[in-house]
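I've put the structures underneath this note.
Two complexes come next, and they have one chain in common, subunit A, joined by subunit B in the first and subunit C in the second.
Up next, the complex of A and B:
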């Protein structure tokens, strides 16, 4: 029994990692090898797929576009959510509990519901196919989430900290920026992470609201067939590259996320 | 630079947190707000500081009405029961923060923080974060931040409540010295009567949002103005019993009677007798016997606190030495009724000396 302790976690991790391994392994194969035969690892190891992505503008602009709107969205969502979360955590006002709950209902509707109204609205005001269009659309989902997460962290800070700062002579804005935000830095990190993740993986709105200029990588990647036929190796390489930013961000905020779980807010 | 509260009240919704209150604190005075949790001590302090606006009434400082003045402009300091420090700043920056906000020159900040850290014995910790300090050191940091600026009003809201026993005693010794040379108003909130007595100064006893007694601390303990004040200022709780006085004798429901003091008019009273005047051993010739069923016996190393029921009324005895009692057994206690307080039907203390003279 004691000797088999490693067994179940190992099986679990194998199941977990298998699709990722398959993706990574495919990215180093030629499309012919992928379609031709079943191989556990690349027989003709090639970096050609990655070379194409980093040199062909139709591929790498997708990454740039995604990074731009994800960044705009994250900054926007967290900036807007900070004062909102502060209000929810520190003040009692008419309907605060209901409003706090209804904020979350935005997340209950599938993105597809909002695709048409956003498309029509953004076309009408002329921001269709811009980074801002996607970033704004994603705030619809991310602001409530960020408010929810930040409120949890803020409520963990005693109100006496605010009062001590006022007594020391800090004005509200000075207190908020110099003392309060650094105090809940972990929460800001977690909120930013979730905004980043959602915006990074969201496909439907990003695809609908862009055409050429702000086309995200996810849109490029899901166009399975091109003029040169199936390019499975290339798609696998693009997929691998798409996982990397998420993995990096998770690595940096992993301890904070645990704290967020402890607060019951993630 | 006296602090005056003029008829201040605080209501939150329909709840009255502070009933109309008038208080005056002189500069250089040490004032204690004594009361149980939810007595309104913190609310009152927040109104003194300007963190909360009174629902009605005015707060005056140094002859000016400061009711509407923001806390930032009032030059006050506050220390809380929870150790409140800025977690993202070092201990040095924590102590320096009020001076930095006031834009003092760096050299002066350095000097004053150093001096204050020396006084608080945290000089070695100046580079650390508050979370790396022990509870006592964290509270010293908070205290240093409150004292480093020359505040006109220093508010201490149960600052020692979360410290362990030894630290509490140490800091309680140091506290009066820290304020001795300052010409500011100090207000100290506590729930513990013993702490109030040890600190001295003036005490305002509070009960359910009212100041029920006001005066020099020891004086209030000796002569509480009324029932509520006596209850607030007694730990363990004061023994209260219904008494009727008839033809020169006091009779309790407990079946105990003794000869009434001269001048005590006939009628019904509530008597209050502090637990340390109720003892398992006879202390004075005026002691009367109260018999009761022992409920709980708390024996500390040097004291015995015995809770017992006499005729279904709860009583407490506090005595020196260890007196073991079996719970559920009947036992005799001796109450020194020459030390008891008589409260009339309205809860006011009956002044026996004055009554005696009149009679």
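Up next, the complex of A and C:
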């Protein structure tokens, strides 16, 4: 019993890796090989698909656009969430519980409901098809997420820390920046990671709010999938490249992932 | 923690409030506005009252989409929650393999949703995909673009692949918080492994599992991108879930009134479950 226990996670991980393997292996195949014969690994190993992506501007600008709006969104979300989370974790004020709940409802709101109104709102104020539009739209669910995660981390810091700092003569801003933020650095990292992640994986809003100038890589992919029929190798290469950023950063937050998904409440 | 009453805390919350209000309240009011009006284009609107709501609530199309949505959500919960618990129980508690397991298991969670859809689309192709080819080779007549049953099978398998790790991570976080002393006491009492699970592990996981159920419920209710890339709601309408139907009506046919009414009904369902989620989350903290 105890000896066979490792089998369960192993089988599960193999199940997780199979579709990913198929995508990666397809990205190294030529179109002829993909369509002509069924092969378990690339017979004529080629980097042609990746070369296309890195030299064709319609492809690589997609990545740049995605990275720009994800970065704007992460910085914006965490910056506004920090003081708010501090207020929720330290003070009681009129309507605090209602406000906290209202924030949560936005994390849960279906993007499909907001797609059309966002399109009209952002067109009206003239930021349609900009990186800012996507970054702002994603704050709808990322700001509540960041507030909840940070509040969870901040509540773990004893209040004596604040009081000692004031006795030592720190002003509030000095205390907040020099002492408090370094204390919850892990929390800030986790919040930033989750903002990055949810902005990176979301497509519906990103696609609705952009046309050409700020089009995300994901939208370029869906368009290729439907228009050019069977350029599967190219599609697979583009998909493989979108997995890499997540795979790199995940290592740093591996012990906090559960806490992040539970909105800071494990 | 003892919190002090301080109304000035509103200043700290103000930036968040302004940002989210701009993003949530303005669009939501637009939706409410459309839901009670009729338009024939050219920005001419007529008062329609509650007509759209009645129409949506009575339309077989909405009932079908809601039915499919409930079936989908029910099925994935019934698979992902027990499976996640079993995997979490079998995971190592310490040693170098813990990190390896955590990182590999979290991988699907970080892949853009349309890539998840595209990946399974390719994986399941009857002639070119590993899954499709294998199933056909061992004698199943599998084709997810033609047969509704196969489309559902692929859709559910994809969601299990995508999100079971979330349940695993949460359940695992609950498990590692159990002190060793509990297990030692159980061993002295001669408790069976079922008894350990039932009376030590399950109570400790209760809260994280509630969170997992609610998160999976709400996120699966909102699912759009993955099925839209995988099957596009087809074949026919057989896998058209609520979000897919809503986007078809709103952005495809531009029927703003019915789409808005449907959005609001949809939103109320989500609101109800958010409230349950909130109660569960905050009740645990007061203990």
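The criterion applied here is as follows: the second predicted complex is superposed on the first by the 243 of 266 C-alpha atoms of A that agree within 3 Å, B and C clash if a C-alpha of one lies under 4 Å from a C-alpha of the other, contacts with A are read in each partner's own complex, and residues count from 1 in each chain.
The criterion applied here is as follows: contacts are C-beta pairs under 8 Å (C-beta built on N, C-alpha and C of every residue); 3 or more make two chains touch, one makes a residue touch a chain.
Fair warning: this is a prediction, and the values are worked out from it, not measured in the lab.
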{"item": "Subunit A as common anchor, with subunit B and subunit C clashing or fitting", "value": "fit"}
{"item": "First, second, both or neither for A:68, with subunit B first and subunit C second", "value": "neither"}
{"item": "Subunit B versus subunit C as contact partner of A:169, first or second or both or neither", "value": "first"}
{"item": "First, second, both or neither for A:132, with subunit B first and subunit C second", "value": "neither"}
{"item": "Which superposed partner A:161 touches (first subunit B, second subunit C, both, neither)", "value": "first"}
{"item": "Contacts of A:17 with subunit B and subunit C, given as first, second, both or neither", "value": "second"}
{"item": "Touching partner for A:8 - first (subunit B), second (subunit C), both, neither", "value": "second"}
{"item": "Partner chain in contact with A:201 - subunit B first, subunit C second, else both or neither", "value": "second"}
{"item": "Per-residue touch tally on subunit A - higher for subunit B or for subunit C", "value": "C"}
{"item": "Subunit C, subunit A and subunit B - angle at the middle CA centre, rounded to the nearest 10 degrees", "value": "90"}
{"item": "Smallest separation in angstrom, by C-alpha atoms, between subunit B and subunit C in the superposition", "value": "8"}
{"item": "Intersection of subunit A interface sets (partners subunit B, subunit C)", "value": "none"}
{"item": "Contact set on subunit C toward subunit A in their complex", "value": "1-10, 12-13, 15-17, 19-20, 23-24, 26-28, 30-31, 86-87, 90-92, 99, 101-115, 118-123, 127-131, 133, 161, 164-166, 168-170, 172-174, 177, 208, 211, 215, 218, 221-222, 224-225, 229, 242-243, 246-247, 250-251, 256, 259, 263, 266-267, 270-271, 273-275, 277-278, 281-282, 284-285"}
{"item": "Contact footprint of subunit B on subunit A as seen in their complex", "value": "158, 160-161, 163-171, 174, 179, 182-183, 185"}
{"item": "List of subunit A residues in touch with subunit C within their complex", "value": "5-9, 12-13, 15-20, 22-23, 26, 34-35, 38, 40, 76, 80-81, 83-84, 86-94, 96-97, 99-101, 103-106, 108-118, 120-121, 136-137, 139-140, 143-144, 147, 155, 159, 197, 200-204, 208, 218, 221-222, 225, 232, 235-236, 239, 242-243, 245-247, 249-251, 254-255, 257-259, 261-263, 265-266"}
{"item": "Subunit A-facing residues of subunit B, complex", "value": "46, 49, 51, 70-72, 76-78, 80, 82, 84, 86-89, 97-98, 101-102, 142, 145"}
